[in-house]
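Each of the two complexes below includes chain A, the first together with chain B, the second together with chain C.
Then we have the complex of A and B:
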């Protein structure tokens, strides 16, 4: 690091702090709002310091839900979101690492054709294929189910490509040494390739978990029952634009709660995540 | 313990490229066979075919009396040391060595005994719990060796195992490998492009070029009687001086033997020249102008250009630049650059080859 002298150093710090404030202020505001009384927020006199309704609001949010628009406790929504995000992240990793293994290490007819078909699906995200996907899920009676929430999002070209690239950097001699050591394809995969992919899997898990957690359109389409609602859909439903007064403290508490799991995942896996993105040592 | 026999082994790649064009080699039980040749000569391919990592297009590979063409690498009872060691990066040294044994279902107690014995021989005992990335190059090399010896295989295969080490370590490991092989008395096949490694390690030396065997035999015998100009220039450093000779010169040197020879190539090793004004009977003498001097301490290499009236040119492309001769003299005393000298070699030190360089003509 080059040490900057005097005023330039302070300028740099000031700019950084301004940046942090811009990012953090809305989050802080949401937190403050979640601790205020709804009447105070509604008449526009919300203070910038936390109010006294923290426990009351969060208890109501997690275990009861709003009294008007949706009656579903947010705790349940979070559980739904968590199950969906975990299923998507783990399912994607499992399927894509296996398909990448097949594509890189096995010679079979139409190998490259299959690779390209997987590659092309990159151009077909859920939004593009949403009608046929909905039709299929509906015909399979998977509406309002965890399988319906997760399965269509599991097949992933991105993760397959990532693992393919990683496998291609693994020296061939490791495979050959394994063959001489009497390890068959399954043992090589399990004993050598999986442990080597650990950091890649962690990095991918973080990205995919957040991707799954933040799904909005797909859960909105296929869940109709309140108890299958995910948190992202739930927040939206709490904000009523007609008759009733929106319960802003509950909405804000839900927003804060919705932010926590991704933050937790990133913090918990930060070390592995960074190593997975930068590590080159084999 | 086993011999390895290659019978007319061929390898053609799907594209039609012929990497191995019919190789016959017989390695006796406990012998150390070195395959040497320039890059792309097929030596590594041949080794990988013995290991079972490459398919065999034609011929037979026989290990210990069993044709193994269709046998999986794990079932050939071989162990291989790779150029980049190919250690499992996520396993400890102990597990690297134990992995192959575990896959064979050997009891853990037996594995422990074998790994500890190997670690003792290779002085790896204090490092058994470390990961490969915490080891130096030489230590990784020894782990790779350890992984091979715990298997107690019939044959060791080495694929340029020392080329990633620095020069000093390479010499030390070379000696260690040789001692280890003698001690275990396991048949070994070793691939290298380093002729010095080849000379010092081999019981049988196989010189390869362009997918074919140029010469097989005892290293010193090959050094003394190379059968082609390729072998002559590949084995020995600096390489043998090669020059084309006119028929009358050949007759002068060979007498009756040279009667049918139209033209040929004369080879003289740098160390067989002496700086002298006399011409030995039946030998040759060359007037040279000294162009460059390389002093390496115990000996000195003199690079000389042959005088203009000599119209000889280097015989094979890629060898000595036309007209340049290397002379190796002991000590550090050398004539100054620009001086005209005469060098001579006696008759018994001359090597004669046919004009295409493919056949040695015995004098």
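Then we have the complex of A and C:
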């Protein structure tokens, strides 16, 4: 197409590599710090190359935790985060797909009213209603529980909208064909609609898993017991920016471990990730 | 919109929407309603009695210079984060849109920070720029800058803005790249035949055609700066030093939790809700316009 001289292409490569360096540097630094000795880091003498404490630090982080503030092994925090992320992602997909099915494939009184009730929740992020929600969860005795962590974050207007939109594009002939075969609403859903929705569900799962894993404010409020902490909450309790007691190698190893699952998902399932991101923003 | 061919059932559809409806009513509408009610109530110092005070909590907020400062601060943060992140991401996207060798590798290497959680972003950046042990702080001091974001409010604010913008680069990059790839190459070729140099082609052809994407991203970035920076602020500065990094969401959190002032915290929540509704409304109007284009 348009003339693209060598020099311009060269500049583009350089700018992109500078961008990648800026994006990667803080993470590289965290990894390097996690392999070095705390005393050296605390002195401000940290080297920019990996040190020799890799196995020691990661073993301590995953199985023991810090020796100070919270004595919770990060392995356990990761398990909590995983359970919460899976519950949010799978829960959202499950309740959204069946409600979208009802809204598209049935005609019943208050259908549109229900659709709007769900739709409006798009505008109520958890941050604007934290304390009242906290009180309800406390009244239901769900503090320090996985249900309390996941349920308030499970209702998703985006997922319902996405499935509704997708179901609208499914040709009517499919329903008529399976009806001739004698299929009822359950069999049509299970045998026809679900297999067709597989890519959409996978894309949505990738996005929701990342969002669930990265939740912060809500778990911070409703978990008081150390063994219920998620990794995002745990890492905050490990750092005290003002004093010298922070065990930086452990903190940085925790940061690396906190990034690993979601970053892996983005890189390994890039196509689904991009698709999910673009679709949920529509 | 409705399908022509549907199932007939009286109860089944209700059973299917019931789980979502229950969660939405219990965890969205009920708390939101509670926030609105609470914002009209005033509790005495011991929490023994509450009285209905109409708009007193709101009036107090608007009279409070600290609240006004938090509003201004939040908007300054939002625009600074949005503009810096958007312009850098656009530069990278324009470069990555060129037919380069290894183009897909560049994309992979630029999009993964989307997956880094805000509190982790905060930890990474405070470590990098910590006054006593930060690797980059050494260079800043060598350049003669008296760098201490834990004591200097402006430096703390700069640090939050940089960290928050860093996290958002990948998101903006992805959407800019998609926007650029949807611009027909023929339009650019026509401009090239007319003799427009690359820079001119960008500003007169690409940029205007990209404006729907830019506008959409601007709204998304502002919403992000409002809410998702909570984790960054909480791990880096906890709103300090002084109140120099306290945004509106952070203020709701501290006033309700530490201050115990639930009425004021609720009133702040309601104001935030209105802001979100306005922002979402703007976004939807824009989306509809994009569809009719």
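In this text, the second predicted complex is superposed on the first by the 257 of 282 C-alpha atoms of A that agree within 3 Å, B and C clash if a C-alpha of one lies under 4 Å from a C-alpha of the other, contacts with A are read in each partner's own complex, and residues count from 1 in each chain.
One rule holds in what follows: a residue touches a chain if its C-beta (ideal position, glycine included) is under 8 Å from a C-beta of that chain, and two chains touch if they have at least 3 such contacts.
Since we're looking at a predicted model, the values are computed, not measured.
In this overlay on chain A, chain B fits alongside chain C without clashing. In the superposition on chain A, A:176 makes contact with both chain B and chain C. In the superposition on chain A, contact of A:147 is made with neither chain B nor chain C. When both complexes are overlaid on chain A, the residue A:168 reaches chain C alone and has no touch with chain B. Between the Cα centres of chain B and chain C, as seen from that of chain A, there is an angle of 90°, stated in steps of 10.
Of the two partner chains placed around the shared chain by superposition, chain B is the only one that A:187 touches, whereas chain C remains out of contact. In the superposed pair of complexes, A:196 makes contact with chain B only, with no contact to chain C.
Of the two partners chain B and chain C, more chain A residues are in touch with C.
In the superposition on chain A, contact is made by A:42 with chain C only, not with chain B.
Put simply, the nearest alpha carbons of chain B and chain C end up 7 Å apart when the two models share chain A.
Within chain A, the residues touched by chain B in the first complex and by chain C in the second are 176, 179, 281-282.
Across the complex, chain B is touched by residues 171, 173-174, 176-177, 179-183, 187, 191-192, 195-196, 198, 281-282 of chain A. Chain B meets chain A in the complex at residues 51-53, 72-74, 78-80, 82-84, 86-90, 99-100, 103-104, 133, 147. Across the complex, chain A is touched by residues 1-7, 9-10, 12-14, 16-17, 19-21, 23-32, 34-35, 38, 88, 91-92, 95-96, 98-100, 106-120, 123-128, 130, 132-135, 137-138, 150, 166, 169-171, 174-175, 178, 185, 188-189, 192, 198, 201, 216, 220, 227, 230-231, 234-237, 249, 252-253, 256-257, 262, 265-266, 269-270, 272-273, 276-277, 280, 287 of chain C. Of all the residues in chain A, the ones that touch chain C in their complex are 1-4, 8-9, 11-13, 15-16, 19-20, 22-27, 29-30, 33, 41-44, 46, 48, 94-96, 98-99, 101-108, 111, 114, 117-118, 121-125, 127-133, 135-136, 151-152, 154-155, 160, 167-168, 172, 175-176, 179, 184-185, 188, 210, 213-214, 216-217, 220-221, 232-233, 235-236, 239, 241-242, 244, 248, 251-252, 255, 258-259, 262-263, 265-267, 270, 273-274, 277-278, 281-282.
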